[in-house]
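Okay, handing you the structure first.
The chains carry the letters A, B and C, assigned in the order they are written, with residues numbered from 1 in each.
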Amino acid sequence: MNSSSAQRRSSRRVLPGFGLSLGFTLAYLGIIILLPLVATFAKTAGMTWAEFWTAVASPRVIASYEITFGASLLAALFNVPCGVLLAWVLVRYEFPGRRLVDALVDLPFALPTAVAGIALTAIYAKNGWIGHCLEPLGIKVAYTPVGVWVALTFIGLPFVVRTVQPILEELEPELEEAAATLGATRAQTFRRVILPALRPAVVTGFALAFARAVGEYGSVVFISGNRPMHTEITPLLIITKLDQYDYQGATALAVVMLVGSFAILFLIQLMQRQGTRRARA
Amino acid sequence: MAGNVSTLAYVAKHRQRRSLGDPRWMRFTLIGAALLFAGLFLVVPLAAVFTEALRKGWGAYFAAFADKDAQAAIRLTFLAAGIAVPLNLVFGLAASWAIAKFDFRGKSLLISLIELPFAISPVISGLVYVLLFGAQGWLGHYLAAEHPLFPWLQQWLIARDLHIIFAVPGIVLATIFVTFPFVARELIPLMQAQGKDEELAALTLGATGWQTFRRVTLPNVKWGLFYGVVLCNARAMGEFGAVSVVSGHIRGETNTIPLHVEILYNEYNTQAAFAVASLLTLLALVTLVLKNLVEWRHRRALEAAAASDIRQFAT
Amino acid sequence: MSIEARNISKHFGSYTALGGVSLKVETGRLTALLGPSGSGKTTLLRIIAGLEFPDVTADPTAGRVLFHGADVSDMPAGQRGVGFVFQHYALFKHMTVFDNIAFGLTVRPRKTRPSRPEIADRVNELLRLVQLDNLGGRMPDQLSGGQRQRVALARALAMQPKVLLLDEPFGALDAQVRKELRRWLRQLHEQLHVTTVFVTHDQEEALELADEVVVMNQAKIEQVGQPQEVYDRPASPFVIEFLGNVNRLAAGESRLRTPGKDVLYVRPHDVDIQHGSAIRHGLAARVLHIFSAGNYGRVTLARADTGEHFEAEVARDRLRDLQLKQGDDVSVMFRHVRLFPRGEFTEADVRDGKLTETKAGAVPAHGAGEHI
């Protein structure tokens, strides 16, 4: 088989610049992204299994996983109905300020996380605009896990909206009309016709919001209070370990998080590929 | 920023599908709920920034910027973005040219790798450079090695007193890392959608590769390019986590604007912190305006094209 | 300038786009590459233009493209002096019509680049030639499909190509515009006499427009010839079936039986219908459906012996004289048929109900054998 493929003049390309552009792309990618990542993984190779385990499974670390993944999950889950609602309203209804709200949805993407962090803290602190309303009710947000959840909801807000919006726009109105002529109520139409069409986008949006929340740092550190075992998130723990010159501990935690992120990324890509395949079929 | 979501390719399909037939009570309820959610999570924080910044009046507001350290932070932020954005711009052009105009094995893997930094926590994006260049890292080891592979290189690095981590180069590197995919991610789908017929046509007309790129490819993607640069710049100037890890937190030297905000805030100088933060917020708002402007322009161009297609059928 | 392609093969992965194809196009000719999609015609055109490169094989004489005897195989597309019109025109979206046409002149190195007024003159001349005099300032998306097509042509002609290649030039246009442009292109070719090759899947377009038709199928050339020749003397069952309507019948059981010839092709206009089963040499059939519009009527028939359905095209006057009704039993005569065994074919005229072979033998050089 090699003889026939060797005969092909596969290296000949009509458009110029392939070698240069791909070469530069790979070199830049290699130096900026891959080399440091490899260095990180290589660093853990010097650890014994026991050292690694202590670093990634001590009670304080486990507690940080709980708050990081728990709050991220709750925030992403909360963003699912709210995001679908917002997308629905933006696509389907006309109201004053619609375009402004549509543009503002991207604010969490554009606003530096540190700014979001101090702004949310100011709002939800005891004397803040919302904080002082909740205080008499016995609800504390700032410096509690609820605060972490608020920050992660904020930064995850655009994902579900922006994945669902285009699908909703592409949805043929004939589908809903057909359902209506078949005697379905509006609620039945939504549940049985619209929602299934949105499901892949919702799942993707949820996964993206979750992945983003797990790694988030800037918006959380201000509002969380950073109490170990209570509101200390994993990214912060990495920085704490670095500050204590515990490079191995920091690296081990980073590797755990990297593997987690890659797994989520892989799942998202798998889902998107299946989504397009289904769309094509 | 936008994960894999918002691109010009998406804008191309952006259309409204009204369902005004829904009963009034339902519309009002849903709009009300959505506005409450958006207000609570988007408008209120935005308002809080400017209210807190102006709490002590305009004098105090501007005083926050008169501070020497604040100005140094602004300069450093511009420097980091000024290096990171052009580099990632060149990378974005090279990557999208290779990926969109040629077929080769491992293309989808390459696209995934380019998007990788989006999936990595900013803290880790900084950490990886600490591990590579820090005293404990590969390069650190190298500098301390008794028998280095290239003694001259070691000599050179030591002679320059080259500090990467906890210094400006580290901040620049971390900024490049976190903003790495922005331009490429906008350009790749755009160039893929445009195919390569126009480039081939230019070649058959005798244009050189460079002429083809400059006069055909570049004008066709200019809005996507602008869009990517705007997003890339916003993130570069606002990055906090990654920069925080590699910065030495030395006032006036290795503090960017977001790090300066943090220091002021932690010193209970809340008003000044918000004043400086308002600068970043304005940047974010300008970014959103530009983004919507580009999308609007792009959509109009597409609508014009669609209209001419209809004309074509009419004649 | 003549074009010669020698033994061209092209694979995309495991897919064979061209399997050792050779072709010669004489200077000044208008040649059509005709075939269904996937037959390799566009690939061949792009290889001639230098937009694809053929596979390299052990044979050094294979996979070569020659212009007027000179080997251009290793020359990049821009230097071959080829004007190429893309299927979807590939107009530069961000340039005016004028700038699109001028592009090829403005990218020349300074030494050979015409001056601005010279370029303007040339472009205006071309705009007149393609009848778009006042549209130089328009953007491509403000033009109709037919106008875009003509801009693409003018752009290709601006560099005074020695060879003009067009990929499905009318593919994206609606029927009316298609016909007009076809006529116009023929006139233009007579005016300019540039060696022209165009790709099409529309047999009517190829037969009407071209001096010579190259019929392609499954990465091979089936037949090369003048339109009349290809239509009247198809070299293979594929060519018969691809060019125009044809009935395919089993020859084995019929009275037209010839040993070893299994398949019979007859064009609907070569079928003659007569009343009753009285005619000695006819084939008995029953009328299933009659459709009459324009000058011809189409009659669908079923053979009495095998039950196969086939069509006859009968002049309207004749149809009126016959007074056919659905369900009538009739006798059918074939004026001209082609019989195919496996691998070879026979052309025959039918006289007095007997086959008279006028030509027999193996399928001509390019022909592929077993396409039945």
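Just so we're on the same page, a residue touches a chain if its C-beta (ideal position, glycine included) is under 8 Å from a C-beta of that chain, and two chains touch if they have at least 3 such contacts.
Predicted model, so just to flag it, every value in this text is computed and none were measured.
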Chains most often in contact, by C-beta pairs: A-B
Chain at maximum distance from chain A, centres defined as averaged CA atoms: C
Chain A-chain B separation of Cα centroids, rounded to whole Å: 16
Mean-CA-position distance for chain C and chain B (Å): 53
Chain centre separation in whole Å, for chain C relative to chain A (CA means): 55
Multi-chain contact residues (two or more partners), chain C: 50-51, 76-77
Chain B: positions in contact with at least two other chains: 200, 203, 208
Residues within chain A bordering two or more other chains: 14
Partner chain B, residues of chain A touching it in the complex: 13-18, 20-22, 24-26, 28-29, 32-37, 39-40, 42-43, 82, 85-86, 88-95, 99, 101, 103-116, 118-120, 122-123, 128-130, 153-154, 157-159, 162-163, 166, 168-171, 173, 176, 186, 205, 208, 211-212, 214-218, 222, 235-236, 238-239, 242, 247, 250-251, 254, 257-258, 261-262, 264-265, 268-269, 272
Chain A contact footprint on chain C (complex, rising order): 11, 50-58, 76-77
In the complex, chain C residues that touch chain B: 49-51, 76-79, 82-84, 86, 88, 90-95, 103-104, 107-108, 141-146, 155-156, 158-159, 174, 177
In the complex, chain B residues that touch chain A: 1-6, 10, 13-20, 22, 26-27, 30-31, 33-35, 37-38, 40-46, 48-49, 52, 87, 90-91, 93-95, 97-99, 101-102, 104, 110, 112-117, 119-124, 127-132, 134, 136-138, 173, 176-177, 180, 196, 199-200, 203, 208-209, 212-213, 231, 234, 237-241, 244-245, 257-259, 261-262, 265, 270, 273-274, 277, 280-281, 284-285, 287-289, 291-292
Residue ranges of chain B in contact with chain C within the complex: 197-198, 200-208, 211, 215-216, 219-220, 304-305, 308, 311-313, 315
